[in-house]
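Below are two complexes that have subunit A in common, paired first with subunit B and then with subunit C.
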Partner chain A sequence: MTRTGGWLLVAGALALPLWLPSPYHLHVAIMAGIFGVLAMSLNLLLGYTGQLSLGHAAFFGIGAYTSALLTLKLDWSFWPALAAAVAVAGAAGFVIGRLALKLRGAYFVLVTISFAGVISLVSVNWIELTNGPLGLPGVPAPELGPWSLRTKTAYYYLVLAAVGLSYLVCRRLVRSRIGRALVALRENEPLAESVGVDVTHYLVLAAVVSAAMAGLGGSLYAHYTRFVSPEVFLFTYTVTMVIMVVAGGKGTLAGPLVGAVLFTALPEALRAAASWQWQMLAYGVLLVLLVFFLPRGIVPRLGVALRRPEPVTPTARR
Partner chain B sequence: MLAVRDLAVRFGGVTALESVSFDVRPRSITSVIGPNGAGKTTAFNAITGYLRPTGGRITYDGVALTGLRPSAIARRGIVRTFQKTSVFPGLSVEDNVLTGLHLRGTAGVLAVLAGRRRLVAEERALSAEAATIIDFVGLDHRRREAASALPYGEQRLVELAVALAASPRVLLLDEPGAGMTGSEKTVVSGLIRRVREQGVTVLLVEHDMRMVMGISDTVIVLNGGRVIAEGAPAAIQAHPDVIRAYLGASADSS
Partner chain C sequence: MAELLQHLLNGLVLGGTYALLGIGLTLIFGLMNVVNFAHGEFYALGAYVSFAALALAGSDFFVALLVAIVAGAALGWLCEVALLRPLRNESIDTTMLVMIGVGIAMQNAELLGWGGVAKSIPHPFPTAPLVLGPVAIAPLRLFVLVLAAGLIAAAWLLIQKTKLGRAMRATFQDRDTAALMGVSIGRIHAATFAFGSGLAAAAGALLGPIFLVYPSMGDLASLKAFSVVILGGLGNLPGATLGGLLLGIAEELGAGYISSGYRDAIGFVIIILVLLFRPSGLFARQERIA
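Coming up: the complex of A and B.
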């Protein structure tokens, strides 16, 4: 992506609420933003470090519950609760990262799935704390100084800021020696070790940053829908994130965002166009076609088409 | 000095190394030779931390390396290459070498996230360093190409460049000439000599006897998990035990 193109996109995103005809469209944009944060978070692990976390919804849910519980039960205001959601999810990422150290590939996937399963069970059964399957209603809307961010337009900008921040974090990491170390682990772990890349340190680091970012998405989700239930741990959320990352282009900076926008908007567009049974069928067929024709994802393909390949590799300034 | 003492490695009932001791003198080129299965690569894996020895001690300048992780051993200046070609396949030659420069960078997470200005200077210095190393192995014309797209001989040079980027004090090369053409081997031999001239100690495993005898100061012969001979190339070539190990039992004992 050229620099001008990037700034045009930012300007477009800032002006988006002016063009969108209804609050419903703004709602779709907000959800796309939240999923954008989640997809970028998963991409750090899946795309750059090469480890598939199929329990990513756990970090999302932990963020959502942390934020909801702190504001509801301890009357914290939104901002410290948001920070706590990021920290608690990051701590969970640390635990998973340490546990999964000896595990790679399929075993890592199993650990993450089990982790999400356990956390989900806790949320259902620890009724005194989480209100069980009934969930926690009445999560307060955020406030910024004297203003409430209750309106969809205000919330859109809050989410947009989070997307921007997450993107910046990913970009800075990926284009530094830290990003090179992560990619080295993905490409050839024994060789990475032989030149001094500390596997423990960098796997845990990737897990912590990724989980913390998912926690950010969770908190934003909780204060937007104003309701948190064990549904936040649904496997569907994880699968959606994986689809977004893979379809958009894993291991690219823009890929997860493109995937998030596409796969948030697509089901909504299909809903308008067809009845329920046909929606899912069309979604499935489109997904298969996408994976079949663009196996590396949309963004790398676009890069080739524009003869400016987005480097899958993290090199600073060319 | 790299010192190996009574190194033993057993895999279940199989004894790969029985009791191997040798020293690698600073700034020397030392070769480890021996028939297939003699334990050469096993010794490399044990020295560089990829394998925990069953017994024995490995020290560098008196400091024990045994039990350290490979990355910690690399940090102490002992860097290896692998028998099977081992590069970062999806990355360009330049990024391969930049990754090899990992330990030269200092940027931590917080500095990176804060976008410190001095990081720009550091990245620039690393890029310049990478260019020098790529130039040294003669892959300047391949800088932007993916390592996996290079012909075999050049991939082995990328591997060498990555190892050199980790600024080794002792460089362990596992069959650097394997699968190369004669002229490529000459190039590699020349590079190994130049690396040594820069003050790096080189320890290599190699099957090509012409290459081994041409560049080594000392040759160590392994057979059946033990050292059967050690000395200057000429002495090794004439050593009766070595001849027997390579050519099988002598005629009179059959």
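Coming up: the complex of A and C.
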């Protein structure tokens, strides 16, 4: 993407609330932003280290619950709760990373799924803390100094800032030594190791940043919907993130954002035409079609079409 | 003591069907190198097909079971031929994504077709339990246990004694050499996937009348099948059988003595612990088939 194009996009995103016709459209934009953060977070692992985490909803849910519990039970205000959500999710990412990144491929996937399963069952069964399946209503809206960020417009800018921050973190990480090490690991682990890349160190680092970012998304989600229940751990959320990343283009910076916008807007647009089940059915079929016809995603494909390919390294085949 | 025996017996019934699920998955995983996240959906399919045959078409219980197995195997065969065959040389992640997509589509097709309300499958067995000394077992559960054991034995015979089974074992050991010896890899893969899916459907049709049938039942079934496979070791048929029994018993004991809310957590914990400490499974020196 060219520099001017990037700034135009930023300007467009900043001006978006001015020309969106209704609060409903703004709501869709906010959800797209939250999912943008989540998709970027998953992309760090799936796109850059090649490890698929199918337990990503766990980090999202941990962030949401941490933030909700701290504001509800301990009367923390939004900002420290947000920071705590990021920190707790990151810590969970560290533990899972240390344990699971000894494994690769399908085995890593299974450990992440199982972790999410256990956490989800805890959220259902630890009723004294989490209120069980009934969930936690009344999560407070965030405040910034004297202003409440209760309105959709204000929340849109909050989410936009989080998207911008996450994007910058990803870009900084990916274009640094660390990012090169991660790609080297993805492409050829023994070779990378032989030239001195510390495998576990870099993979765990990626897992921590990725989980922390998912926690950020979770906290934003909790304070936006003002309600947290065990549903935040639904496998559907993870699947949605995976589809966004795969469709947008894994291993690219812009891909997850493109995927997030597309796959938040598309179901909303289809809502009138089709029920939720049809949408989910379509998601499944779409995932299959994507793997067959657009295996590298929209952004790399666009890059080829515009003859200015974003630097994409070939996907690893193992 | 009587309580413990009762838990063990219940665990055995549950474990027999888990073993069926696990055997199907371990064959697909071990032989085709496909991480089949749709496996549980074939289990759900079996339950729904048997429900449709029994409650709607009014067929015999045993006929319904047979129809469910055939339906599962047919759809599995179709999946392999249409989706997995073109991707045979792709990475394991690619086929995994495709099977996740298939699983989501199947589950939501069921949701659309049957609605979200749980259904119960009628069965012809008397509900009064048979009392055997200190323990009691419902005739239906006894039947499920016996039939699961029969199906496991049949699967074992197929792999050990038939020509198809020999070709499957050869393909597992070395695909290229097997192909050079005249084994049609495409045919073996299709047969394996159909066979595994048929077993999963059988497990669904068997457990369906004991529990309720609902569209998202496949999610947990997939994960339980994976715990069984991981417990037993990849491609290890006796391992999957023992793993299934072990998981069933562990769940019953956990639900009975610890907390029933955490029953399903046991499978997850098993996956995590075994993968971390003994990744080749509890029973195997190395990965093998049959």
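Definition applied: the second predicted complex is superposed on the first by the 291 of 318 C-alpha atoms of A that agree within 3 Å, B and C clash if a C-alpha of one lies under 4 Å from a C-alpha of the other, contacts with A are read in each partner's own complex, and residues count from 1 in each chain.
Here, contacts are C-beta pairs under 8 Å (C-beta built on N, C-alpha and C of every residue); 3 or more make two chains touch, one makes a residue touch a chain.
Nothing here was measured: the structure is a model prediction, and the numbers come from that model.
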Quiz item: Taking the superposition as given, does A:5 touch the first partner, subunit B, the second, subunit C, both, or neither?
Solution: neither
Exercise. Look at A:173 in the shared chain and tell me whether it touches subunit B only, subunit C only, both, or neither; answer first, second, both or neither.
Key: first
Quiz item: What is the contact status of A:125 with respect to subunit B (first) and subunit C (second): first, second, both, or neither?
Solution: second
Quiz item: Does subunit B (first) or subunit C (second) touch A:117, or do both, or does neither?
Solution: second
Self-check item: Larger contact residue set on subunit A - subunit B or subunit C
Solution: C
Exercise. Please indicate which partner A:285 is in contact with in the superposed arrangement: first for subunit B, second for subunit C, both, or neither.
Key: second
Quiz item: Which partner does A:295 contact after superposing on A: first (subunit B), second (subunit C), both, neither?
Solution: second
Exercise. Please indicate which partner A:164 is in contact with in the superposed arrangement: first for subunit B, second for subunit C, both, or neither.
Key: neither
Quiz item: Intersection of subunit A residues contacting subunit B with those contacting subunit C?
Solution: 316-317
Self-check item: subunit C partner contacts - residues on subunit A that touch it in the complex
Solution: 50, 52, 99-100, 102-103, 105-107, 109-111, 113-115, 117-118, 121, 124-125, 235, 239, 242, 246, 275, 277-278, 280-281, 283-288, 291-292, 295, 316-318
Quiz prompt | Residues of subunit A that touch subunit B when the two form their complex | solution = 169, 172-173, 176-178, 180-181, 183-184, 187-188, 190-199, 205, 209, 312-317
Quiz item: Any idea which subunit C residues touch subunit A in the complex?
Solution: 29, 35, 83, 86-87, 90-94, 96-98, 100-109, 111-112, 219, 223, 226-227, 230, 259, 261-262, 264-265, 267-269, 271-272, 275-276, 279
Practice problem: Could you pull out which subunit B residues touch subunit A in their complex? | Solution: 48, 50, 69-72, 74-75, 79-82, 86-92, 94-95, 98-103, 105, 107, 109, 112-113, 115, 119, 123, 126-127, 162-163, 165-166
